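Following this line, the structures themselves.
One chain, chain A, appears in both complexes that follow, with chain B as partner in the first and chain C in the second.
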Partner chain A sequence: MHLSLLIWLPAAAALFGALLPGRAARAGAVSGSLVTLGLSIAVLVQFKTGGGLQFITDETWISELGIHYKLGVDGLNLFFILLATLLFAATMVWAALQTWERESTFFLWLGIAESAVIGALTAQDLALFVAFFDLMLIPFYFLTGQWGIGPNRVAGVTKLVIYTLVGSLLMLAAAVATAVLAANGDHLNFTFSFLADHRLANGSQNWIFLFFAAAFLVKMPLFPLHGWMPDGYRAMPMPVLAVFSGVLSKVAAYGFLRIALPLFPHGSVHYQELMLLIALASILYGSAMAFTTTNARLILGYSSVAQMGFIVLGIFALRAQGAQGAVLQSVNHGLVVAPAFFIVALLAARAGGSEDVRDMGGLAFRAPVLASLFLIVALATLAMPGSSNFVGEFLILLGVFNSKIVIAIVAFTGVALASVYTLRLFIRAMHNRVAPGDESREMTLADGVILVPLVAVILFLAVYPQFVLKRTSRETTSAAQAAAAVVR
Partner chain B sequence: MTTTGWLIVGFPLAGCILIGLLFNRLSGRAAGIIGTLAIAASFLCSILTFISLQDRAAGHKQVVTSLWDYAVTAGIDAKLSILIDPLSIFMALVVSGVSMLIHLYSVAYMASDRGYVRFFSYLNFFVFSMLLLVMASNFLILIVGWAFVGAASYLLISFWYRRTTATTAGIKAFVINVVGDVGLVLGTFFIFKQSGTLDFLGTFAQAGKISGADLTAGCILLLVGAFAKSAQVPLHTWLPDAMEGPTPVSALIHAATMVTAGVYLIARMWPLFEQAPEAADVGMIVGLATLLIAATTALAQTDLKRVIAYSTMSQIGYMIMGVSAGAYAAGLFHLMTHAFFKALLFMAAGSVIAAMAGEQNLDKMGGFRRAMPFTFGCFVIGGLALAGIPPFSGFWSKDEIISLVAERGGWHWILFAGAYVGSFLTAVYTWRMIFRAFWGDPVPEAVELEGGHLHHAEVHRNPASGEEEDTGVGFPGPDHHIAEREFPMRAAMAALAVLATVGGFLQIPFGAVNAIDNFLEPTFAGSKYYSSLSPSDGFTLLGLVIGASLGLAGIAVAYRVWVQRPGTAARVRERLPFLYRLFLNKWYFDETIDVLVVRPWAAFGRFGQATFERVFVDGVLVDGTTGLVRAGSAAVRAIQSGFLRVYAAFVLLGLAGLALYFLIQAS
Partner chain C sequence: MMLAVAKAPHMDWSALSPLVALFGGATLVLMLGLLRPRFVRHTLVPLTAIASLGAAIGLAIWQWDRKADLVSAALRIDGLALVLMILIFSAGIATVLLSWRAAAPVEAAHGEYFALLLTSIAGMALLVEAQNTITLFVAFELLSIPLYVLCATEMRRTTSLESGLKYLIVGSVGSATLVYGLAMLYGATGATDFAAIAKGAAGGIGTDVLFLTGIALALTGLAFKASVAPFHQWTPDVYEGAPTPVTAFMAVATKAAAFGAILRLFDVALVDSAGDWAPAMAALAAITIVVGNVGALTQTSLKRLLAWSSVAQAGYILAGVVVSSSLGSKATLFYLAVYLGMNLAAFAVIIARERETGLGDHIDSVAGLGTSRPILAWPMTLAMLSLAGIPATAGFIGKIYLIDATVDGGYTWLGVFIVVGSMLSLAYYLRVIAAMWMRPAVGTELTPAAAGVGGRPALAGGAASDPLDPTVAASEGTRRAEPEVVFVAVLFGAATLVGGIVPSPLFNLINHAGGALGIF
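Up next is the complex of A and B:
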């Protein structure tokens, strides 16, 4: 299968729909994302475990600069792609159930966003990755600025853009520097495979690593670079936020595994402790914020800071277990955070539009199905053993335990704190007395169409996490080994 | 045998899913019947597995069977597999058997509850989790079962979720249990670091080789898990609050099965603990501390269910002490007899509470002897077994633990003495409860019941807080059910009463009957304590006499204080105000944990919200840069999407400029 189809179909379908009159835009975008989901499943079916890079497309794009239009799938990005197509499909369906002003433009931006994300995930060329990575931001800028919530939405999204822009420019400079230094006076070549064979001198690796790390950490975001998150999250329309939090932060985690570790192993080792401490601070700080804020959306936002902290912790354990756990956990976190935002939207709709947990309460009796699904999502979010999230966390912490034992032990605090903020949200919404003004009713069948498949995937991975692990173990091991080799 | 082994865990899971999916189709008592049948099927499978295990040759009594790879990657080797051996089947028999009876009891007890269907779905889920826990064959699956029972416990504690007291108790239980899970996972890491396998049998095979600091650290962390689950100090504070759950839940989860998981864990991990004697010492000392702290606290409590809850803690203290000392079979024997008599006591207490229309305060009870003869009889049998009066079951099992611990010699004599002090206190608080509820002048509720009418409250109030109940939705239900009038309740209680009476005969000292010892032997083959701890007949006899006398003395004291001279208790309170307040306030554990753990974290959170999030994130960095953002916003407002064009231009210019620069440099 040609991966270009996978990348460009969502944007093309949305554009085609936007050009047609009437409500064709949403039909085009939704069917485009559903077909893309089907295509990514086809990739999964045809994927050969342990077969290295597959479905390769390699065209010279700008020969003077050595930039290739090179795409491919291997164990590292396979499940990131599936996560992206699944969550975008769910978001498209969700968005299609609501009414939007100027909806053809809205869906066009969503389609472009999906294309950009899949592009960044499949790119096997550094310049192409950077281009797609920056392209991801543009649709979200418009989606938030024009369809966002509240009078401060423009300020909120501008904050997001400034933070991300700084990161992007650093990354751009670093990417160019990498290729030039690697070419060493010869022809430029931006492909990952070339750069991995022509690693930079140790000193260069260190500063270039920091540039990439800054871009990725802002995108996730991790403490203390999360300044854009509260305002940005508050401003985004809920379906957009679900996919933003579920997928875009994972692209950054993927970037660490695809670029930082294999291309700059020395830099990764050099700054290992810094990265681990940032991750640890994010876990503790994000958790503490999550159980003191009353805005349901921000509870999820801060919990994501903590969860992304775990993922970075796994990556910078620089062990096979940690990297393996980070990949699994990225998939898991995306799978739980998107339905969680969907549920918060349902809760807010019942609480008269308020997203404050103090205005919620007692829905479980009249909405048992919603309560049960929320319970499953909540328990998976707090990584209860028996969920795939636990297996991810187990691997991450085991990796850190084997490399920096003290950090692992402190990080375990975050495991206990996660149960506090997640259950607090669940109980505040579902249990206790019905809050005044809270309208207690069950979710609709249409809500179920979005929520049930996502929960089904969560449950499937809970009983069979090996499904992901066996397909990803070869590449995650080699990603971590590049850095581990430096240590030796 | 492997098929029936999997069916033991399969039936309760199937029951849970079936009831859950049909939640709005099941009417009347259908959910209860399905739930009970699922557990009965599981119990039957346990018996079948037990029989086929008995048929196997001596050296082949540990069988591992797996369904699929669960997490086999990057050096870890966790399959979805169970271990069938005497210990796991022993636990499966106790768990599924007692669960079956408690399900039967609940069919009637919960009949008017608006959450009837949900209750049985949760309860079946609990049994599934507990069976998974005891049958797991590697650390990862053990942890899964371990956390699942915690989740089931949470769900059932906050079952009546309209009550703020119940939801608070639920989150408290869950979080403390997660602390235990963390201990278990971290302990697993320490052990895995040395053994390189998560599989139990593989790890145990190397137990001799992995001695050292890591093993001790690992075992102590495993104990943290055991203490949290089994409500040992200082991780016990959730258990008394867990009494917010419906009474069958207290009987099943918070008395008979889940809270004994820690005992099972230590027994299962015996090859590791025998190599890490320091960790085993910690287990013994904490067990003794818990059994004394809980027994003294129970003396001053007035909530009927909480008295029994503290009693549970105390009895588990005995078991933890026993298995940590190497008295594995004795500890597990007590686990079994305790499951019988404690479940019986809770069921009888449930009947009394129903007769009081939900009231649980002992101060308001009295004289129920004639009104509820059957419940009274069950309470007496349970009380005698708990107090260790021969020939009831608790007598045999508790004394076996104490005499085997003394056999270890040296400082273990302190444990011996402490355990007998606890034994005396047990008899006192147990019979204080019985005398106060059943003797004395009948309270109006008892009189009403003697007249043939069951008391109903005019205004329903939360027994813990006095708050008026939300009767609109999710209310426990206006009707009450007492054992005297409901056949399923009577049948379940009668079965347990018989077991609490004769259950002790499975193991009688002086070599008379050794059924439990002999059955469990293959699991503990190679233990340095299992068969070597055998006290002399004279010492055993002495222990039995002391135990029985202390039990009788305790009952006599209770009779004198609460029946013969009712003012005595008040006088003692005045004489010893400090001790009374200490016991009444549960040794101030809640307050200490609040100050040491809860408040610092809450303060940290508030501090972050007030400082970093407000000043740094919102103020200095963004607004304060006089307005990097404000300027940006203005630009956006001015030229609409112009900002994006600037951005795109930036990106392109930057790319081009840098490329140019490097190209010039390179050429």
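Up next is the complex of A and C:
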């Protein structure tokens, strides 16, 4: 299996569709993303657990700069890729059920976005990763600026782009510095394998780690760097937002595990407490905001801040359990947040277009299937025992407990807060009397086509979280141990 | 009996042939321009100019592997000169295409306009070949004086005249500073040849006050031409006032030539005293990056915006010179080539919209371009993304190369300045993209009837320059820009994209030039 096919198929299919007349664009983009999903499942089937880096493509891209077009899959990125292809496929189908102005351009950007995200997740070369990481933002700029919501959408998305590119550009400088310092006068080489063998001096690791951390934290976003989130989330069209929140923040979490911990272990240890405190602050702040805000999509946005806080907490426990929990929780969060946004869109359609929870109520009255599916998603979000999210949060807290007990104790409150804001959203929307101006109606078959498979995956992982843990354990453990080795 | 015999230097005509093609072309164009028939003036003259530039490119490629001193070592032909010449000549062809049906050649007479253009290009070719301070200065003046005139060729527009005058005055100050600096270098080393100056610099003269002052003044003079802050103040006004094809030409070709001279003087001749001048030049580069990007933030005229952006870009390019290594020189050249492509694409779109809308170069002229004219919107989008350094464009690779060179040369902080500058620049490059894709077209409601009834309709809020005559906008609302302008935009837009995905050919070209520099 050629990973290049996996990366470029969505963009190529969308481009091909865009060049054809009529409604070929949406057909091209949707089929492209569905085939990509099939290909990623084929990768999963052929994947050898514990077999190290597989499906390797390694070509020299720019020999003068030592940049390789190197791709590969291992336990660390396997499920991130599956999550991305699954959520993009769902988003494409969802978007195809709606009408868009200039739809060929819309689907072209969506296809490019999928290609860039998969590229960032499969890249095994630092410069290639940075290139894809920056590139994946550009489609969202156009998607939001052109098809977004509200008069302030351009300002909102510009804020988003500038925030995230500030981080990304710092990362670019740091990446080049990493390669130059690692090469030590020899020919440059940006591949992860080379950089892992040629670690930098401790002092350099520290500042370079900070630059990378800035890029990843802005992208997630975590507490002090989340300023773009409310405006950006409000402006995005719902299908785009589902995939943005579900996938792009996970690329940042993946970046920590793939780059920050293995390549800059000393930096990771040096700033461990800072990162844990940022994570903790995000959990508390995100939960508090999710509990007080009334806009349903911002409730999900702030809950993501809290959830991403948990993931960073797990990563910077610098313990194997924590890292495993972080990977599992990344997959879980992506799986719950995308259907949650879809459900919010359905709710808003029933509440006269308003996304304010105060305008909702009693929507479960004539929509039992929708209510049940929402309940499953909500219970998974609040990490009900029996859900895969519970396993993820448990592993994360176990890891933190073993390394920083005080932080773990405070973080436990975050678990409780999650049930408060999630249940508040569910109760406000579904229970009570039917609010004036609302109509309670069941979701359509087309809605089910999108929602049911996602919920099925949530249920499958709830029953069998080992499916993920087994395949990821070797690489996540080694990522965490690279840093843990410094502590000893 | 003795006869005083003045022995003329040996002339290597094959190596000088690109210059001969340009000067011959200039003469021919001037003569043709005197003929009466409209066909000759409007079609044959530009065609001749293109032919002469094409011939110059062909002759340069013919001389591709030459490395030789010419005319008693006053000039030198080598990879660096040839690569820069090909870049400048390509920009020249693009300029001729953009000027073809512009107003400026009509007002200034076709023969003169294109002859001046060719002469200025010849001056640039001489400048990148110059091997001693005398030829450096002569070439510098030869490229500058025709440009002063070209800026003022739209004779019925005051801003064009003002632009020419301003450029003349500021440019003369720059030239005077340069010649003063060169004289001091002569005083310090007793030589005009770069090779001899290099020898003087190597011999421990680096702390000599006369020598250092000479370097500083020479750098200042060249910095004027390359719009390096704080010697950039003329740039926005001149760029805005000059006819847009001339602005495009100045932005790319003049910059390439000036940096060619800076490379020759600093990274070859004075490379051994780099410890003395590099920190000062690094400070200049940092200042230039900040000043250019901050200046561009509030601009509403696209030409002024690109003028400030060109100041910022000069700062990035200068960072490659600062490190005075072979890597740095190659990064500089690479970025110059990339810069040429993205700016020409952007200027071609501005010219197209000037002719299509009557809104001049106001940012509103590109509003709604994504829906109405995607063939222009895409090149402009690619140019803006590339200038900002977004991946999948050549600008991204160029930035990596420059950052690589700065970190490698021990100027990591300057590399960080480059990325900080890129962050600032996003704010204004994205504004242009947002105007094209995310705003409705301005003036679509401006039907001839509405313009006739309402007198001056509210239009393009705040833009008060004179091309905003609504009747012009209305009558030209359905005009389409000429195919050659669209061709330039699409060609260089596509080159910017392809260069970001398959950069190897460009790297090969630059390596050819870098091999000639012979440092380290």
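What we mean here is this: the second predicted complex is superposed on the first by the 488 of 488 C-alpha atoms of A that agree within 3 Å, B and C clash if a C-alpha of one lies under 4 Å from a C-alpha of the other, contacts with A are read in each partner's own complex, and residues count from 1 in each chain.
Quick note on the criterion: a residue touches a chain if its C-beta (ideal position, glycine included) is under 8 Å from a C-beta of that chain, and two chains touch if they have at least 3 such contacts.
Just so it is clear, the model here is predicted, and its values are computed rather than measured.
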item	value
Touching partner for A:102 - first (chain B), second (chain C), both, neither	second
First, second, both or neither for A:410, with chain B first and chain C second	neither
Partner chain(s) touched by A:166 [first = chain B, second = chain C, both, neither]	second
Partner chain in contact with A:176 - chain B first, chain C second, else both or neither	both
Partner chain(s) touched by A:364 [first = chain B, second = chain C, both, neither]	first
Touched partner set for A:158, first chain B, second chain C, both or neither	both
Partner chain in contact with A:457 - chain B first, chain C second, else both or neither	neither
Chain B versus chain C as contact partner of A:397, first or second or both or neither	first
First, second, both or neither for A:281, with chain B first and chain C second	neither
Touched chain A residues, chain B compared with chain C	B
Chain A positions touched by chain B in one structure and by chain C in the second	65, 134, 138, 141-142, 145, 154, 158, 161-162, 165, 169, 172-173, 176-177, 180, 188
Touching residues (chain side chain A, partner chain B) in the complex	65, 134, 138, 141-142, 145, 154-155, 158-159, 161-162, 165, 168-169, 172-173, 176-177, 180, 183, 185, 188, 224, 226-227, 230-231, 285, 288-289, 291-293, 319-321, 323-324, 362, 364-366, 368, 372, 375, 379, 382, 384-386, 390-391, 394-395, 397-399, 401-402, 408-409, 412, 415-417, 419-420, 423-424, 427, 430-434, 440, 463-466, 469-470, 473, 476-477
Complex contacts: residues of chain A adjacent to chain C	62-65, 67, 102, 105, 127, 130-132, 134-135, 138, 141-142, 145-146, 153-154, 158, 161-162, 165-166, 169-170, 172-173, 176-177, 179-181, 188
Of all residues in chain B, those that touch chain A in their complex	20, 23, 68-76, 80, 114, 118, 140, 143-144, 146-148, 151, 154-155, 158, 161-162, 164, 167, 170-171, 174-175, 178-179, 181-182, 185-186, 189, 192-193, 470, 473-474, 601-602, 604-606, 608-609, 612-613, 616-618, 621-622, 628-630, 632-633, 636-637, 641, 643-644, 647-648, 650-651, 654-655, 658-659, 662-663, 665-666
Partner chain A, residues of chain C touching it in the complex	330, 370-371, 385, 389-392, 396-397, 399-401, 403-404, 407-408, 412, 415-416, 418-420, 422-423, 426-427, 430-431, 433-434, 437-439, 503-504, 507, 511
